[in-house]
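Each of the next two complexes has chain A plus one other chain: chain B in the first, chain C in the second.
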Partner chain A sequence: MNPDTFELFRYFIIFIILLFISGVYCVLVSFNLVRALIGVEILIKAVTLLIILAGYICDRVALAQAIVLTLIVIEIVIMVVAGGVVLWAFKYNKTIDPRRLSNLRG
Partner chain B sequence: MAIDLILLSALLLSAIWTVMTIRLVHSVVGLALTSAILAAIIYRLDSPLAAVFELSVCSGLISVIFITTVSFTQRISKERFIVRRKERLLRFLYLPFIVIIAGLLLVRYLRIPQFSLPLSAQVTDVRLVLWNMRHLDLLGQAIIIIAGVFGVVVFFKEPNK
Partner chain C sequence: MVVLFILIPFVLLLVLNLPFKFLNARIAFWLSVVLFSTQALFVLINSLFAWSNYPAVLGQFLIFKLWLDPLAFIMLFTIAIVVLVSLLVARSTITTEKRSFNFINLLLVALTGMNATVLVADIFSLYVFVEITAVAVFVLMAIEKNKFAIEGTFKYLVLSMFASVFILTSIAFFILACGDLSFSEIHNAFLANSNIILLNFAIGLFLCGLFIKCGVVPFHGWVPDAYSEAQSAVSVLLAGIVTKITGIYVLMRLFSSVFVLKGSFHNLIMLIGVISIVFAALAAFRQDNIKRMLSYSSISQVGYIVLAIGCGTPLAILGAILHFFNHAIFKSLLFVNAAALEKKFGSTDMSIITGLGSQLPVTSVTSLVGLLSTAGIPPLSGFWSKLIIIIALFNAQQFTYGWIALLASVLTLAYFLFMERNIFLIKTETAPEGSDGVPFGIKFCEILLAAITIGVGLGFPFILNSQILQLKGLLY
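So, the complex of A and B:
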């Protein structure tokens, strides 16, 4: 690997870690289920970039793209089902604040 | 390299704005912007198919899902919004500082050891990888999509009275 590519790789890794920190912070601190989902989305974006970067560095771009396509499909399913869960939580509790979801079983 | 750094900075700033902004709709717009910038970065990393998927699906479809979810949930009153804004500001104020400090520490101390790459002939066509090299996980992907469809049907079904 030439030094320029290596330096670029290092900067990408730093930005991916910072993006990951932002997503984790959003999930941990927010008291709104929709915003927590947005935090999960940011985490998935960081992972997507990491996979594409790994494929680019190792010269396996086709494999990385195939994995990212799978990731995007799974991401959509997660978001649709989680959106449904949030709507049901709102329907029965009139809130999407997880601190007030007090009638859950278990 | 300069363009990559500008795009990466824009990606991070957009993600931080998405997390910190008060209104959920602004947050969803910020997420779409983050996806669009990520698509540009992915395109620059020689992955056009993944970039197109990221732009169309993550920036488009997921924003629609989020806006639908937000529009079905209740609006809050102006007084409650002001109270919540102060509370939120206190909780999310630390994020930019954490990101700046973590960024400085990583730039200063993150050292990645040089590594050599394997010299082997790779398949360069994504279609070949997707349809010829992967079998079991494609099946898994189909099952996940069907599970998602059933999930939507179950969640949006009106209960029988």
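So, the complex of A and C:
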């Protein structure tokens, strides 16, 4: 890995970093369970791009491809379950604002 | 042949969901009981080398490699026992036919995931199976649809997703640093000492993810909610084995035999362990619900395991493995006791069931066994593992941590005796004659787990020579 690599992938890396920042911002700022899920989703997308980049740099494209495909499947499964949970939370509480969902104390 | 541990539960899951009328919850229950007890018995009977020497015909169709060592063997045994207990408890606490069928299916998914987690040999497959287990458990937690359970599930889910993001980022850095994800390649990269900054960064991220999954103190917010609001059978599963396999086992495997660490990481892990021990023990005093108290106690005991892993000497890792096994057994026992109380009195709130526990003789005796073992009272199993951990700490010159670990046992004893006195020892009314109303399945689990606790404790010198010292040669 040499400095030229960073030169070559500069915009790719900047885009990944922007995605990370927007994902974290989305999770931290919004008071909405669905938006929190969307934020995590953006974060996972950023990580997926990072894995593709890592695979390309290390000349392990096949490995990165296998990982990314598996990752997409897993992510969808988790999102479906999470969506179901949010739906039930809405059914009981009539709100998806986490500030008004404080039945438990942690 | 190792692959059968993954394939058989999976095939059973498929078979149970074929569209035949006779496949009901009853058949599913008995098939699963047979499967789980077979797994436990196989692990007990077969020696390790008989297993690993078989020609792996089925294994060649898998894209991931499997490995089996004594550590994995102990894990497989623990998984089988706790899953069996959870199934038996569920039989009497989940009443609807359809719901109990769903429960068994999800339990099989979780079992497949956990067995595979124990057996895989590269980081990405490890992550995949951890995630499969976690998804099954999310649905299990929400199986009883009340608003508290849903909220606990959501907390666990979101935090677990953050842990996934950390772990995946660290996987990307491992690809950058090592070019491959199998344990042996990563270990070689550490030995070759190349790209050490990237590797350390990757380890740091991985640790953040794992700490969330373990539920140690700075990241423990989801643990009490998840454990206490889930259905009783699910909290046995969750507290007994799931968080331990998805968090502690991964930590133990990676940090004992894959990563080669520098001193600062050891110190960080040990510090986190000690903070968990003390903070969670103090927090347990303030709880008025048994399940919440047990959850905090669970965090505190997990702290001991993390502390021992952080210490990193072979003796400490040995202690960590033993404490893992013992903790899985006696924490399941205590959660089964809580399930019995909940089944009988409809509540686990200490102010409601004060003094009523004496009506349940089996429950009160076994809970005494469980709590004395947790606190580390000599003839029981918890004493030996804590003893090994503390000796290892003193051997490694970590006197402060050693003393804190020793004295925190007293805290454990204190809050458990407080609970025991409140629920079981005060007699408000005389117990009615005849059956005490606890279902046979729950009683059987209580007696089985208490027998294992006492048996391992009393037979420890024999087990030490024949089984446990085998472990030591494997860890370096």
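In this text, the second predicted complex is superposed on the first by the 97 of 106 C-alpha atoms of A that agree within 3 Å, B and C clash if a C-alpha of one lies under 4 Å from a C-alpha of the other, contacts with A are read in each partner's own complex, and residues count from 1 in each chain.
The working rule: a contact is a pair of C-beta atoms (placed from the backbone, for glycine too) under 8 Å apart; a residue touches a chain by one contact, two chains touch by 3 or more.
Because the structure is a prediction, the values reported are computed rather than measured.
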{"item": "Chain B versus chain C as contact partner of A:66, first or second or both or neither", "value": "both"}
{"item": "Winner by number of chain A residues touched, once chain B and chain C are compared", "value": "B"}
{"item": "Chain B versus chain C as contact partner of A:86, first or second or both or neither", "value": "both"}
{"item": "Chain B versus chain C as contact partner of A:40, first or second or both or neither", "value": "second"}
{"item": "Chain B versus chain C as contact partner of A:77, first or second or both or neither", "value": "both"}
{"item": "Chain B and chain C contact sites that coincide on chain A, given as residue numbers", "value": "1, 37, 48, 53, 55, 57-60, 63-64, 66, 70, 74, 77, 81, 84-86, 88"}
{"item": "Parts of chain C lying in touch with chain A, wherever the complex brings them together", "value": "63, 124, 128, 131-132, 134-135, 138-139, 142, 145-148, 150-155, 157-158, 161-162, 164-165, 168-169, 171-173, 175-176, 179-181, 221-222, 224-225, 229"}
{"item": "In the complex with chain A, residue positions of chain B that touch it", "value": "1, 4-5, 8-9, 11-12, 15-16, 18-19, 24, 27-28, 31, 34-35, 38, 41-42, 45-47, 49-50, 53-54, 57-58, 61-62, 65-66, 68-70, 72-74, 91-92, 94-95, 98-99, 102-103, 106-107, 110, 112, 114-118, 122-126, 128-130, 133-134, 137, 141, 144-145, 147-148, 151-152, 154-156"}
{"item": "Complex contact set, residues of chain A against chain B", "value": "1, 4, 6-15, 17-19, 21-23, 25-26, 29-30, 32, 34-35, 37-39, 41-42, 45, 48-49, 52-53, 55-66, 68-70, 72-77, 79-81, 83-88, 90, 94-96"}
{"item": "For the chain A and chain C complex, residues of the former touching the latter", "value": "1, 33, 36-37, 40, 43-44, 47-48, 50-51, 53-55, 57-60, 63-64, 66-67, 70-71, 74, 77-78, 81-82, 84-86, 88-89, 92-93, 101, 103-106"}
